[in-house]
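Each structure below is given as structure tokens.
The same chain A turns up in both complexes below, where it pairs with chain B and then with chain C.
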Partner chain A sequence: MKALKCFAVIMAILIGAPLLVVIPMSFSASESFRFPPPAWSMQYYSAFFADPTWTGPAINSLLIGLGTAALTLALVIPAAFALVRYEFRGRAFGSLLILLPLTVPNIVVALGYFYYFGSLRLTQTYLGVILAHTCLSTPIAYLILSASLKGYDRTLERAAANCGATPLQAFWLVTFPVLRPGFLAAGMFAFVHSFDEAIVSLFISGRDVSTLPRKMFDSLRTQADPVISVVSTLLLALVVIGSLTPIVVRRMKARRQAALQRSAMQAVAVV
Partner chain B sequence: MQKLRPYLLLAPLTVFLAAFFLVPLAQVLWLSFTEPTPGFANYVHFFADPFYLRVLGMTFLTSLLVTVCCLALGYPLAYCLTQASARFGAGILLVVGMSYWTSFLVRSYAWMIILGNSGPIISLLRAMGVETPPELLFTRFSSTLGMVHALLPLMTITLYSVMKKIDPALVKAAANLGANRLAAFRAVFLPLSLPGIVNGCTMVFIVSLGFYVMPVLLGSPSEQMMAGLIGQQMEEFGNFGDASAMAVVLACATLSLYALYNRFFGLDKLWSKGK
Partner chain C sequence: MFMKSMHSAGVMATTSAASPALSDAYLHVSQLCKSYDGVHRVVDDVNLEIRRGEFITFLGPSGSGKTTTLSMIAGFESPTAGDIRVNGRSLVQIPVHQRNIGLVFQSYALFPHMTAVQNVAFPLRMRKVNSTDQIKRAQRALEIVGLGQHGQRMPSQLSGGQQQRVALARALVFEPDVLLLDEPLSALDKNLRVQMQIEIKRLHTELGMTTVFVTHDQGEAMTMSDRIAVFNAGRVEQFAAPLDLYGAPCTRFVGEFIGESNFIDVSVVDGAKGEYASPALGRVRAAVSERSAGATVALLLRPEWIRLGSGGGTACSAGVKDAHLEVKNVIHYGDSALVIGESAGLPLRVKVPNIDMQGVTVGSRHPIHWDPVHTHVLGD
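Entry: the complex of A and B
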């Protein structure tokens, strides 16, 4: 067991540590990719925030991600209801179609969009990238939504109907609030998927609506711009914050509950 | 009306995917047979050219190597996560998860620094007196290493999600019946974890086959993989005929692997246990 634990710790270091080298690089004063950096400075942070060729793509990625999340939810929520709740001819085909974007290699899809959106004049537009990203986010959003829908107890809806609610009222007042965490999770995954997607953006976003991954890819290919280290560090920080937040929230909730319990016990003892 | 409802609910997404996903894919297929001249010329060209065949073979070999490495490292790691204390397991899983969620571009950049000519490994070799240290970056070694590092979290998480459902009492029962630890592992735990192995290997192999970012950024320009070559053909040479024929070959390879998986296990099992 001890040997196995040692192995796990070594693996965790091998998995985690290589990522950390981007942090000291972002505080480097040198122009090269030299590691460890010969001197320290904050110059690349100010360079990042002052350079519209970096902040522009960051804003583009944010907007495209939000657009993708909204459009994905609008299309996938009704579809998930149809596929989870009804038996009908063509159901198997429907669920296969929804999962299809997950199975085709992204470079193949990118080639298709490059050609197709070129003929529709959708390359280098926000709309084009959002449409493409929505297709790619659909399977993930569907998997999350259908899982949360399957776990939903439909007697709640029937109870609402028994109390005189119309189907629409039952949906808004009962179903929607119960399923909201699932909807939120699906929207978040769609956003993250779009924000992270590099290949399709690389070929269709052009210079005008360049996304952050596209800009990063170009920068890495030419190896000319050390600002990439700042972007990498900021993205890494986002991942760390995103991973730790649920843990901290859970712990705080547990602590509050424990405190409540303790004060209740004290109250009982006093009485 | 009641009967029509599921169709009405499903219609918007179906129309959307048909218009913005199936049509562009069909266009790739169409291009591969018509650009520049109608016929099978692009495919004949692809399967007759030793350069293209080498790229195809290299892509499969590299993906296989990456899958084997990820399994060899990921299996003991996932096994340890199920056996160790909850706290220890959660800590390791947190690191694996963070790496999983980090952009491939950030991970590529990190490896560029580590393996680069002014990076720590080369400097160390120089300090140790190696006059001409080997080229590490932009080789098959660096792209394979980068891919293993990138896909190990996926393999580990997939294996773990199956392993954690294995009832530890079963292994204990085997031990009670006189099996030593190794025998209990081999007779009970390993077969029960087989679905995880199949899932993990399928996913890692398929992602590797179509991997673009890391082979292009970390690999050698003269030893590309399929995805990189497709990108180069369309971007640099505007050679849509060859690019689309290669894309169709790559897509067919991927889809037939999925079809094979679906035939034996059912596609829904591949993703439902994942994240």
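Entry: the complex of A and C
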């Protein structure tokens, strides 16, 4: 087992090393991609935040990501409930249809959207990119949500009713909280997938609706600017904060519950 | 202890001699039917009168209708016909969440996103009890089931037996009219099961709740119940106290389902004198019967009612004359043994106390006898 642990550590380092290069690079004082940086400075951070050709795409990606997540969930939630819980003809065909976009390579999709959205005048619009990203993320978001739904024990709703909950109370207090991680996972996947998506964005977002990956790609081709490492570092920081937040929240909740429980036990002991 | 032969014609629900008057019935199931396709009846004309505070078990094989009947009492299924009344009030039109019935599910069905104490407090929350009282009463319920220290745990952090107790506490905390348990112990290992049986029985004695317990395990039913309703193919074949079911089953199914049994098909020679004729064993004597001569009946002999040996007397007291058992197999239990064999081709099982096991081995041959009073006659 020790050999396995060593191997895991080596793998972690190999995967993590590129990130470790990026972070110090973002604080570099030099004009080019020299590593290790000769001096430290915040110049690229101020450059990034001051430059609308960077902050613009960043905000666009954020908006498009949120829009994609919302639209994906709006489509996938009813689809998953219908296909998992109800028996009807064409049910198997329905789930197959939802998964179909996975079979087409991204570049083919991008080209297709370029011509099709072009004729619909949807290129270079927020709506166009959101629609395209939604189509791309729907299959996997559906898989995530339907897996969560299939694993859900419907007896819970019966138990809630037996305890005195009306159907509405049962959904709000039992079904939704239990399924919420599944909803969140599907939504987060759609957001991340959209945020990261470069190829389709390259084809159909114009300069106005330029997304961050597209800007990064352009910047690498034309500028070779270390500002890119600032973007990478910021994205990394976002991911780390996003991952730690639920853990911290859960700890705080548990601590609050324990305090409540202790006071309840004391109350009963006194009686 | 052993009742004289009962002549119920098999398939109607019967109660033991001390049957409750209609007005005593706290939970009254009348002419209950359920069919999903209009043709096959999953529950077929079930009638049960359950007194307040009784511990009743629905016993039967899978598909016998016991769980569906329980579902209808709980309100998850609606009857095709018939009525269910609790304390005089008909439940059939009342939705599940207003029935005030506690239910322990086979899979426990604890809410995974709430702590144990929150789970137990949930019914109180639905009844708009204020939050401090909720926690207090929930905590007390947890202590009654022995989990006072574990209130803060999430269901995933509890063992199967502990989850079961939380489910029990949640069903009891709001002091329901009736407590239902749907095969709650089937997922537990043997030791835990016995422990929980004792727990549930103790709680029942302490709280005096009218309880309906569903199981397919006859041993469980026998040890825990005041009365058992034996289900078969949607009907209740017999509804009586455990010892009445054991000593005087109404039908062959009940006789075979509960405990070990030997059935001897005979024709009546003289019912009043208890004389019968068996094709295999010849003239036999058993309990008296009101059936007329020539009728076919079945004699039930429990393995422990048959003795090895010639009985030391005349055929009158020996039950059967010159019958011998050829031993095919012996199963040892320590204090006794189950001797499986044949008598003139008729398969018989005899329970022999270990002190009488001298010389009893596979292939040996022994005379057998029984006391005619200690038999049971089943009408066919």
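Criterion: the second predicted complex is superposed on the first by the 215 of 271 C-alpha atoms of A that agree within 3 Å, B and C clash if a C-alpha of one lies under 4 Å from a C-alpha of the other, contacts with A are read in each partner's own complex, and residues count from 1 in each chain.
Everything that follows uses one rule, which is that contacts are C-beta pairs under 8 Å (C-beta built on N, C-alpha and C of every residue); 3 or more make two chains touch, one makes a residue touch a chain.
Small disclaimer: the values here were computed from a predicted structure and weren't measured.
**Student:** Contact-wise, after the overlay, does A:T134 reach chain B, chain C, both or neither (first, second, both, neither)?
**Tutor:** So A:T134 only meets chain B here.
**Student:** Is A:F81 touching anything from chain B or chain C once the two structures are fitted on A? First, second, both or neither.
**Tutor:** A:F81: touches chain B, not chain C.
**Student:** Counting residues of chain A touched by each partner, does chain B or chain C come out ahead?
**Tutor:** Chain A has more residues touched by B than by the other partner.
**Student:** May I ask you to decide whether A:A165 touches chain B, chain C, both, or neither, giving the answer as first, second, both or neither?
**Tutor:** second
**Student:** Under the stated touch criterion, which partner chain does A:V178 make contact with: chain B (first), chain C (second), both, or neither?
**Tutor:** The second partner, chain C, only.
**Student:** Applying the touch criterion given at the start, work out whether A:I64 contacts chain B, chain C, both or neither, answering first, second, both or neither.
**Tutor:** neither
**Student:** Taking the superposition on A as described, I'd like to know which of chain B and chain C A:L260 touches: first, second, both or neither.
**Tutor:** It touches chain C, and chain B stays clear.
**Student:** Is A:D153 in contact with chain B, with chain C, with both, or with neither (first, second, both, neither)?
**Tutor:** Only chain C; A:D153 stays clear of chain B.
**Student:** Could you please specify the touching residues of chain B with respect to chain A in the complex?
**Tutor:** The touching residues are 3, 5-7, 9-10, 12-14, 16-17, 20-21, 23-25, 27-28, 31, 73, 76-77, 79-81, 83-84, 88, 91-92, 94-99, 101-114, 116, 118-120, 149, 152-153, 206, 209-210, 212-213, 216-217, 226-227, 230-231, 234-235, 240, 243-244, 247-248, 250-251, 254-255, 258, 267, 271-272.
**Student:** So in the complex, which bits of chain C are touching chain A?
**Tutor:** Spelled out, the residues of chain C in touch with chain A are 74-76, 95-98, 100-103, 105, 107, 109-113, 115, 117, 122-123, 126-127, 132, 135-136, 138-140, 143, 148, 151-152, 170, 174.
**Student:** Which residues, counting only chain A, touch chain C once they are in their complex?
**Tutor:** Touch list, chain A to chain C: 153, 155-156, 158-166, 169, 173-174, 177-178, 257-258, 260-261, 264-265, 267-268, 271.
**Student:** Within their complex, state which residues of chain A touch chain B.
**Tutor:** Interface residues on chain A, with respect to chain B: 1, 4-5, 7-9, 11-12, 14-16, 18-19, 21-22, 25, 32-36, 74-76, 78-79, 81-83, 85-86, 88, 90-91, 94, 96-117, 131-132, 134-135, 138-139, 143, 147, 192, 196, 198-199, 202-203, 213, 216-217, 220-221, 223, 228-229, 232, 235-236, 239-240, 242-243, 247.
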